[in-house]
Structure formats: C-alpha cells, structure tokens
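Presented sequentially are two complexes of subunit A, the first with subunit B as partner and the second with subunit C.
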Partner chain A sequence: MIGVGKMKQYSNVLDKPLSKGKQEVSLTAFAFLFSELVQYNQTQVDNIAELERRLEDAGYAVGSRVLELLCNREKGNRRETRLLGILSFVHSTVWKVLFGKVADSLEKGTEHEDEYMISEKELLVNRFISIPKDMGTFNCGAFVAGIVKGVLDNAGFPAVVTAHFVPIEGQQRPRTTILIKFADEVLKREARLSQ
Partner chain B sequence: MAPVTPRSGDAIFSSIDRVNAELFTLTYGAIVRQLLTDLEEVEEVNNLLDQMGYNIGIRLIDEFLAKSGVSICVDFKETVEMIAKVGFKMFLGVTASVTSWDADGTCCSIILEDNPLAEFVELPDTCQGLYYCNVLSGVIRGALEMVSMKTEVTWTRDVLRGDDAYELQVKLLKQVAEEYLYKDDE
Partner chain C sequence: MIVCVAVVGHQNNPLYIQSFTDADDALKLHHIVHCSLDVIEERVNNPKKSGTTLNEAFLGLLYPTVNYKVYGYLTNTKVKFILVTTDLDVRDTDVRSFFRKFHAAYVDAVSNPFHVPGKKITSRTFAQTVSNIVGSYGLN
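Here is the complex of A and B:
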C-alpha cells in the first residue's frame, strides 16, 4: 500500500518543514472538540468568571503559538511593532488563517483612547452555542479573546482582552465583540514612536 | 423515497463546512496542556482524553450516519472499513487504511498516514507515558458503541513515541443485539 509505514521520521519537530496551513478539518470536528473543552472547564470551576478565565487561558496558549507560526510563515520572520500594525495583523492575518475570513470590523473605542474592538457577527466558536439563562453573561468568545491576548502579549503589546455579546437590532442573535484595552506602557511607547 | 447511496469520504468532505486544521490542532493542544496542568498523573490524562473522545463519538455518529448515507454495515469488517475510508476523511480530512485482520475478523488495525492532531507536537521527557491522540480512540469506541458494538481501542504505534506510523488496534468485544426500548402500548 502506498504511503503506509513511509511516514518520514524527524528527530526534532523543528526539523520538520512548516506546513503551508492549507489543511482543513470538518467544522463539526472542531465544534465537538471545543464543546469538550468548555464542558471540561465547567467541571473545574465554581463561577462564570473563573470559567471565562480558564477558557481565556486555553486561548492564550493558542494565540502565542499562532503569532510565532504566522510571523514565520506569512511575514518572513518579521512582526509588527506599531499599534495599528499589530491590530490589523490580528484583524486580517490571524482571523483569516484561523477563521477563514477577515473579522467583520475593527473599531477604536469612542470613550477611551486605549480601547479597540474587533466585532464578528457570528464568531466561529459561538456558532453552535446557546447560553443557558442561569449562566448570565458568559461568552465562549473568551477563548477567542484569549487567542487575541496571546498574540498581542507575545508581540509586546500587553492588553486586557474580553469578549462581549452586543445585541443587533432586528437580529435574533447578538454579535460578539472582542474588546481590547491596551496597557499604559503600550500607549506611551506608541506616542513616543509617533513623534 | 429513493434509497440514499453512500457517498465517498472525499465528496462529503468537500461539501461540508470546514475550518483550518491549525486552529483545531492548537485547540487540541491547549486542551491536553490544561489536563496535564490540572491532573497529576499522565495516566489520568490518558483516561480523560479517552473519555472526552467517547463523549464526542456518541454524538458524532449521528452526523456521520446522516451525512454519509451509509446504511447498515453487514459485519464488523465493513464497519471498520467505513470508519477508515469515510469517517476519518469526513471529519479530519485524512485517509486511513485497515490492516492486520485476525482470523475470525474481530480485531484489526487502523493506520493513519497523516494526523492533524499531532502537528507541531513533540512529547517532552516528563510526558513519555502520554497517549497524546487518545481522544481518537475514545471517538471510535463511543461511535461504535452507538451502533451496538462494544470495542476496545488501543494505540499500538504512535509517531510521537518514536514509531513510524499512527496505528490503532480495534478489537470487537461484543455485539449487542438492538433492543426496542418502549413497549407498543406506551
């Protein structure tokens, strides 16, 4: 049989050539896996905040790896050093690779200088999720918020990232907004760099 | 209604919604990492991964049957072939082959040529006892249980442990006759 038992051996995972990232798996497979992630974490916590934090942690691990992978593959070993550059990297490159599309919108917060929002009408991880009434404001998007935080943190842009449901008029399902609040030092550095 | 003819794994895979395999790989990695931090023994992690797979398997079989158009498989042999040819392709986009049947047709091996779960993975020395992809064995066990087959699924070869392929041994323990749960007058 062709191919059987011929899988090439590498002594080290880093010797293996980097895949092009075109491979796909079924959405169902991912949805089931994600549901197991959420269910498992539900058994480990007492409250919603804790659950969101754990999902964020899981996402963070994904984000830090995605940054490394994409900087290497898509950007020729360079990474963004400016605020808008890294935001558009998250909104376009990261989103496109992970979710197959560019995020619906990227906006600057109107009330605070240090806030930015990435919104998605139907976030992939929320697609098959409905939140029971007793779980209040819980949002599985915490996982994606974690991914964003992982990317930003490791690129040198520490930020607090949270996921929120925002109702849209005339639509049954709310959209998900990922709110990014950058740390002071990031804004100060940015101001210095723009001079 | 015209009988539905079974579709090939490729045809199904190209017609359903898909996501990037790297998201899937990294998410799975995040799960394994959480389990390793939360639990003390690698053995417990193996068990929990298998349990997660089982939970997935018992639900995944519905989608498999609905989308593949597969009707009743005549025997265990055909069932395993179906998992390898259609199941793996349909959910993970990879092909698998079935070999090493024993004489009475109740035990065989599924060999994976490609395994999206294990991309980017290397086991550190502290995790040598880990069956990283144990979720897969749980999925197969869970799915088969829903079609009345009690099985035992174990890893016999694992690239992450230095073998040359991913090989799962599937052993049929018992074929449970299907029972009608409700009495007619209820």
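Here is the complex of A and C:
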C-alpha cells in the first residue's frame, strides 16, 4: 500500500512496537519511481496513445499479480463469479490495498448496459503530475486502468478499461474516472447466472 | 502419501507438475492429472449437478481410482491445482490446508516480476517449497 502519512520515528529500537502495523510504501518514493516510469516510456514512443498503452501494459502486470495475491490473502478462498462482486472487490479491496482507501465511487453507466465507472477525486498516481498543454488528453491514470484490466481479465471478466479526466466546476484539478466496458460474453454469463 | 501435485493454467496448459514416487509411474500420474481436467470443467460449468458451491475454490474429491484419490482447487485466475494421493482416508480439512499453503507458495512464485504469467514455473524456490509442504504433511 502506498502510504499517505509519515511513519512514526523511534529513537530507540526497543521502543518500536512488536506488531508490524500498516505495511506502507513512502508516497514520495512511489511518486519518484512512477515519474521515472512515465519519463522512460516517453522516450520510447511517438504519440500519446502509445504512451498510455505502455503505461496500461505496466499496470496490467501489476493487476494480474494483485488479484492472485489478494484472493489468497483476503477472500477466504472464494472465487468471484458475479459482475457486481468483482466490481466491488476492485472498488474496495484492491483500492484499499493499493491506495490506502476505498475508491470514491462506483457507478453504472447511464448510456450503455456494459459500462461501469470508478471515480476518484484525486487519483494517487496523478497527485504530483500536471499534464503539459501539448499532450492534450493524456492521463497517467492509464497505469491504474491497466491494473483494473489486469484484475478483471484474469478473474474471467474481460473488459476494455480506460482513464479519463472529468472537469469539476470550481475546482482547478479534474477528477479521474476509470471507465470499464465489459465484453459481451461477460454480460451473457451474468444474465445466465441471474436466472 | 502424496504422489503428485500439479499446477495447470486456465487454458489447460501445464505450468508445473511434480511426482513424489520412486517408481516409474510418472507418466501414469500425468495421465491421471490430465483426466481430472475434464472433471474440473464439469464441476465449474454445472455447479448445481455436482453439488459444489459455485464460488468455492476448493473443489473437493474429483474422482477416486483403485489406488489413488484426486483432489482439485481452482483459483480466481482459473489456475487449477491438482493433488494425487494414495491415502484413501484423507480428511477434507487436511487437503484444504494443503491447498492453502500450496496456493500461498504459488502466489510467491508468480509475484516474481520476471515470471511471465501463463508460462511454466521454473523457480527452484517454488519447487523446494512444494517439496517442504508435501513433506510436512507426513503424507509423503
């Protein structure tokens, strides 16, 4: 989990509590590493779409491993077979482990049956990032979209996952929405299981 | 005793298979593991018929043969763990416990950033851990 607060300092090793407490990674260290990841990928691509795809691929590898790890650790050895079950698993369990808190909201798309949205007021990976004007709609949240796609694909819920900025009135920074569009086979299976 | 453990990918591709017998029956055990994949498929696709809980990872006894009992476990990523044992009076709780430890070892192996998901598990540490788990059950 990427930590938001500072860890308490102990002058004496004997003062440290025995319990491990929260296993947190320094947010600054993560931001630096993520910055390097973006910069490295920038040197390897010609356009924004390709850069987003590379970030998504990096996230995908994380997502597939996170799913395996959390299902062993958190889910009491139960397989997720329902759509809302896996979405709430991503929205709560996965988000909490990765970002230290549950995602701000999980909504169903109003226009399409197969679309769901996870919204974050300030996505952790975007915290110290401001996009240059010439990069248009580029969103580093593509990395998180990749993580979500990795979790869903490997759990048997193939989907196209994208990250978008949504401007909010009266606020300088837009909120980030992770848009999940499930494959037809997922909806058909869900309908069959609902009977 | 446990005579064979296997990890099979979601496309039924073998990721890891290990026999724990002195005899030359590895091929027979591979065949038993291969046959169990159809049973797992049946269990997962027709949960009502088989009586297993729809989302239970532990699939229980897949099928008994004259000399062996075959147990299965299906992870969230559709990776199958198969256990072949010669003990004909094994308790379900022991097998569940074995699979839990086996799953933890598998998670450690695939968490390696240099492991490519879907490819065979070549980690010596994983092989050693599995041997230790099998040994610790006193079933070997």
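Heads up, the rule we're going with is that the second predicted complex is superposed on the first by the 173 of 195 C-alpha atoms of A that agree within 3 Å, B and C clash if a C-alpha of one lies under 4 Å from a C-alpha of the other, contacts with A are read in each partner's own complex, and residues count from 1 in each chain.
The working rule: contacts are C-beta pairs under 8 Å (C-beta built on N, C-alpha and C of every residue); 3 or more make two chains touch, one makes a residue touch a chain.
These figures come from a predicted structure and were not determined experimentally.
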item	value
Broader residue contact with subunit A after superposition on the shared chain, subunit B or subunit C	B
Touching partner for A:T177 - first (subunit B), second (subunit C), both, neither	neither
Touched partner set for A:F32, first subunit B, second subunit C, both or neither	first
First, second, both or neither for A:L67, with subunit B first and subunit C second	second
Touching partner for A:Q44 - first (subunit B), second (subunit C), both, neither	first
Partner chain in contact with A:G156 - subunit B first, subunit C second, else both or neither	second
Partner chain in contact with A:L98 - subunit B first, subunit C second, else both or neither	first
Subunit B versus subunit C as contact partner of A:T81, first or second or both or neither	second
Residues of subunit A that lie at the interface with subunit B and also at the interface with subunit C	61, 65, 69
Residue ranges of subunit A in contact with subunit C within the complex	61, 64-65, 67-69, 71-72, 75, 77-81, 154-156
Residues of subunit B defined as touching subunit A within the complex	13, 16-24, 26-31, 33-35, 38, 48, 52, 55-56, 59-60, 63, 90-93, 97, 99, 111, 113, 116, 119-122, 135, 159, 164-165
Contact footprint of subunit A on subunit C as seen in their complex	54-58, 74-78, 100, 103-104, 106-107, 110-111, 113, 117
Interfacial residue positions of subunit A with respect to subunit B in the complex	1, 3-5, 7, 9, 12-13, 19, 21, 23-30, 32-34, 36-37, 39-41, 44, 54, 57-59, 61-62, 65-66, 69, 97-100, 124
